[in-house]
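Down below are the structures I want you to see.
Both complexes below contain chain A, partnered by chain B and then by chain C.
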Partner chain A sequence: MTTDWHIDPGLIEQYENGTLVPSRVMAVEAHMLSCAACRALIPAEDAWLDDSWSAVYDELHAPRVGPVARLLTRAGLPGHRLRLLTATPALRWSWVLATSAVLTLAVAAAWFGREGSQAIGQAFLALAPILPVIAVSGAYGPPADPMHEITGTTPAAGPGLVLWRAVSVIGVAVVMAGVAAVLLPGPGWYAAAWLLPALLLSTGTLALATSLTLPVAAVVLGALWLTGVLVVARTAEGLFVSSVFGPTAQLAYLLAAAVFAAVLITRRRRFDLGESR
Partner chain B sequence: MRARRPVSDQSSDAELLRAIAGGDTAALRLLHHRHAGWLRARLRRRCADPDVVDAAIQDTFVAVWKDSHRYEETTADAAAWLWTIAVRRLLSALRGPAHRWLNGAGDELPDVTTTPSAEELVLLGVEHGALGPALDRLSPELRRLIEATALDGLSVREAAKLLGIPEGTAKTRLMRARIRLRELLT
Partner chain C sequence: MTTVTLQGLGKRYGTTTALDAVDLSIGVGVTGLLGPNGAGKTTLLRCLATALGPDSGTIRVHGLDPAVAAQRTEVRRRIGYLPQNPGLYPNFTAYALLDYVAVLKEITDTRQRRAEVRRVLDEVELTDRAKTKVRKLSGGMRQRLGLAQALLGDPELVILDEPTVGLDPEQRMLFRALISRLGERRTVLLSTHQTEDVGALCERVVVMSGGRVVFEGGPRDLAQVAEGQVWLSETPPQGNAAYWRNADGFYRTLGRRPDGAEPARPSIEDGYLLLLGNVAVTEAIR
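After this line comes the complex of A and B, so read on.
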């Protein structure tokens, strides 16, 4: 497109000041699109150009965001929270790999030794609820987290952070155990029977952590659960599954979990850095 | 990457864009320095906040970096192509900072062919014909809609967003503007 009409510096000044009549503004803009020489006449300070360019350059060389992080950001999790969660010790690869290895072995054992699969299924039911508890115990606090001292001095430390991390590790642990439960041979409802006890033990651990440290609370509750299960298994051998995972027991777990949640909410200010008091 | 001759100040926009598609940041720098100035001047007439304008310009060149392969020389002039990206980046910057973080800088580019429209050709003749005075006599809110749709190449919906009015209002105003222009021109 060629026209004999071109923009002169005075016109550009008026354009930038906003003193040009509207029809001429439109003419200038339409002409700018088609005439490179006139575009080049529009002044831009070197400092501004350099600033703008360095911002673009920085963005091009910013670290790439992984697919998981992008998914979580899409789901509405803010970036700073994501960074806090990735610092959770119990979410490290070593922990995740160890847990999945144990679960894979359990599933493999159940499939290869078919005659013993009933026993393995029951053992899985008894042990699966402990899994999230172990995860929670490593989520926060002195022994598990080498960054604990530094985290403790930040305003982010405290109940909020403990709960965020606990929820994230419980989520991961439950997903892994859930996959294993589905793969295990045995009655279909086994796959879900351990979920309520797991909920009870996790909330219980967090509630207990308002007066003990997290690992101690986890050990206490885990031991209680295991001894309880063992006692029932000894005394009522044939009725083990129906008495520990039957409808009445499940209802009791749900109620107890609700109680623990209430305790957790009322005493939440008490859990500070996982120190014992 | 194929060997190509290095880009310089004398390279055309199309050559620069081809080099950018091949991963050449020096070419992007040249393109930025060549076009950022007029883009800023033009965007500033549409948004009073200089920070938003600067952010929109940065987003524009990041988007160019990611999508330079989508530029087609035959259908679009480089400057017009850049402008369509820039004005849409401004729109999404205006929709608030939350939006920017959520979608990042490089979400989809408009797939429009940016050949000059009939309106633009007419506007080039504004200097000489009766259209100039007619446009000047149009009321500002009607004129801004004509500007946003005919000059900026926005859809009515996007123009409404840019001007901060409901889409229905924009439609009726555009209709009134057309009627009024016809009256003024006859």
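After this line comes the complex of A and C, so read on.
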């Protein structure tokens, strides 16, 4: 729509200076909507407009930050690091909820089936160290991460990213299993007895993954652990807990974990897709 | 100016040779990589994109050697890569996915990252789809989103592995326009099965077969390979010649002149088929 009438230069000046009363501002703006000539008399701050539109666009489209992420940000984790961790396959809500459900069932079974609670407690001790291993297997690379080829060819790829993700999933798995361990009936030290085996299996999985894929490394070590535990349970009945979780065994786990950590540090470059294997 | 230089590049998978002493130089503009299945195109692109270490030979990207860990990171800062199966997270929105890849590309400042996400969304014409989840995007849009992630950080070398596969004609045209714009100031290496893509987009074409480079030159040079070997006839040719019936009802024959046939102007496809012989002809007819 065009018009023959144009705004008086004095009015334009008052509008620009911001000294016009609101009712006349509305009238001036209504006219400018349909009159390109008058609109052109007002110098537009294009940079400011672009910035404002960009800010509005980002506000509407940028991913929302959840309560856990806000908590971690307050704890000092930088926003970009958080973006990397939230894309970790094993940290998706589906995985966390499924694991929590299994642990809740284990605790409930131990409390409601009191007669078998000792056996359930021991089974928990044997299985809890596997939980971080399963989490690690889904932390990086195929098949857990469908975007692994893109991820692996970015500047952030390599051992640093693998270890960040592994530490975060191990942390979440340990917290979940730790809560379950505290809630289980049985001696208080049960709550901590599985931690060193978990550390051993986690570092072992990562060390082995410098030669194999993460899921295969996790399966190999998980299977070895379960086989060992079953053999001890069969041969040293009654001494199962002291044999597998006693002080001597715990010291051995710590030393073995240190060896795996050394292997991991030495061979960490193997986590880079661009390295020849 | 040469962006990429490959010398004697070799890669084997067990007893299969995927790349056999490949020598190649690539400069600014769009270079098409043609070849039948198993020719070694994807392996070559994966080596260039630093997704795979070669067994032998050297790669230089802007003079940098990706075999050296520190230089590899610098190479990764300069490349954008769209693999054949990008596996974009289906539950991420387009914006969130690009934001994530931008972090992987070391754009850690939030303001700068968001500006970069907006820029690439605009470049691939997906600004209005920023909040749509990847699983709800059409195949063409998903492919453009894949291209957008490759363009984050304004890379000098863009590697695209069969980006036009499965796209309808409209989406393919849109994609071609995007790639053509990219090639104005960047080095774009595009792997494809489609000779039409090469004719429409590429200043240079490289044909691979059995892990080797068997042709390097312009699209017209590739068509010239078939000069004097393309014929049109009203009846099917005798013998084992490769031929097909075209839309006008004539039989188009490659190779020796059939009785009564007239010479025809060769196309890029003719040159490609003749260059690769039976492998490509069998694949084309299939």
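Definition applied: the second predicted complex is superposed on the first by the 205 of 277 C-alpha atoms of A that agree within 3 Å, B and C clash if a C-alpha of one lies under 4 Å from a C-alpha of the other, contacts with A are read in each partner's own complex, and residues count from 1 in each chain.
Operating definition for what follows: a residue touches a chain if its C-beta (ideal position, glycine included) is under 8 Å from a C-beta of that chain, and two chains touch if they have at least 3 such contacts.
Computed from a prediction, not measured in an experiment: that's the story for all the values here.
S.K.: Touch check for A:A44: first (chain B), second (chain C), both, or neither?
M.R.: Touch status of A:A44: first partner only.
S.K.: Go through the superposed model and pick first if A:S34 touches only chain B, second if only chain C, both, or neither.
M.R.: First partner only, chain B.
S.K.: Answer with first, second, both or neither: which of chain B and chain C does A:S52 touch in the superposed model?
M.R.: A:S52 sits against chain B, while chain C stays out of touch.
S.K.: Please work out whether A:L60 is in contact with chain B alone, chain C alone, both, or neither, and reply first, second, both or neither.
M.R.: Touch status of A:L60: both partners.
S.K.: Who does A:H148 touch here: chain B (first), chain C (second), both, or neither?
M.R.: Touch partner of A:H148: chain C, not chain B.
S.K.: First (chain B), second (chain C), both or neither: which does A:R268 touch?
M.R.: Once the two structures are laid over each other on A, A:R268 reaches no partner at all.
S.K.: Just to be sure I read the superposition right, which of the two partners does A:G79 touch: chain B = first, chain C = second, or both, or neither?
M.R.: both
S.K.: Pick out the shared contact residues on chain A: the ones touching chain B in one complex and chain C in the other.
M.R.: In the superposed arrangement, which is not itself an observed complex, chain A uses residues 57, 60, 79 for both chain B and chain C.
S.K.: Note which residues of chain C are touching chain A in the complex, please.
M.R.: For chain C paired with chain A, touching residues are 46, 49-55, 66-67, 69, 72-73, 76-77, 79, 81, 83, 85-89, 92-93, 95-96, 99-101, 103-106, 108, 110, 113-115, 118, 130-131, 149.
S.K.: Taking the touch rule as given, give the residues of chain A at its contact with chain B in the complex, in rising order.
M.R.: 1, 3, 5, 15-16, 18, 21-27, 29-34, 36, 39-40, 42-44, 48-49, 51-53, 55-57, 59-60, 73-74, 79
S.K.: Which stretch or stretches of chain A touch chain C in the complex?
M.R.: 54, 57-58, 60-63, 78-80, 83-84, 87, 145-158, 161, 269, 272-277
S.K.: If we count contacts the way the header does, which residues on chain B are in touch with chain A in the complex?
M.R.: Against chain A, the touching part of chain B is residues 13, 25, 28-29, 32-38, 40-42, 44-45, 54, 57-58, 61-62, 65, 77, 79-80, 83, 101-102, 105, 116, 120-121, 123-124, 126-127, 131-136, 138, 140, 143, 147, 151.
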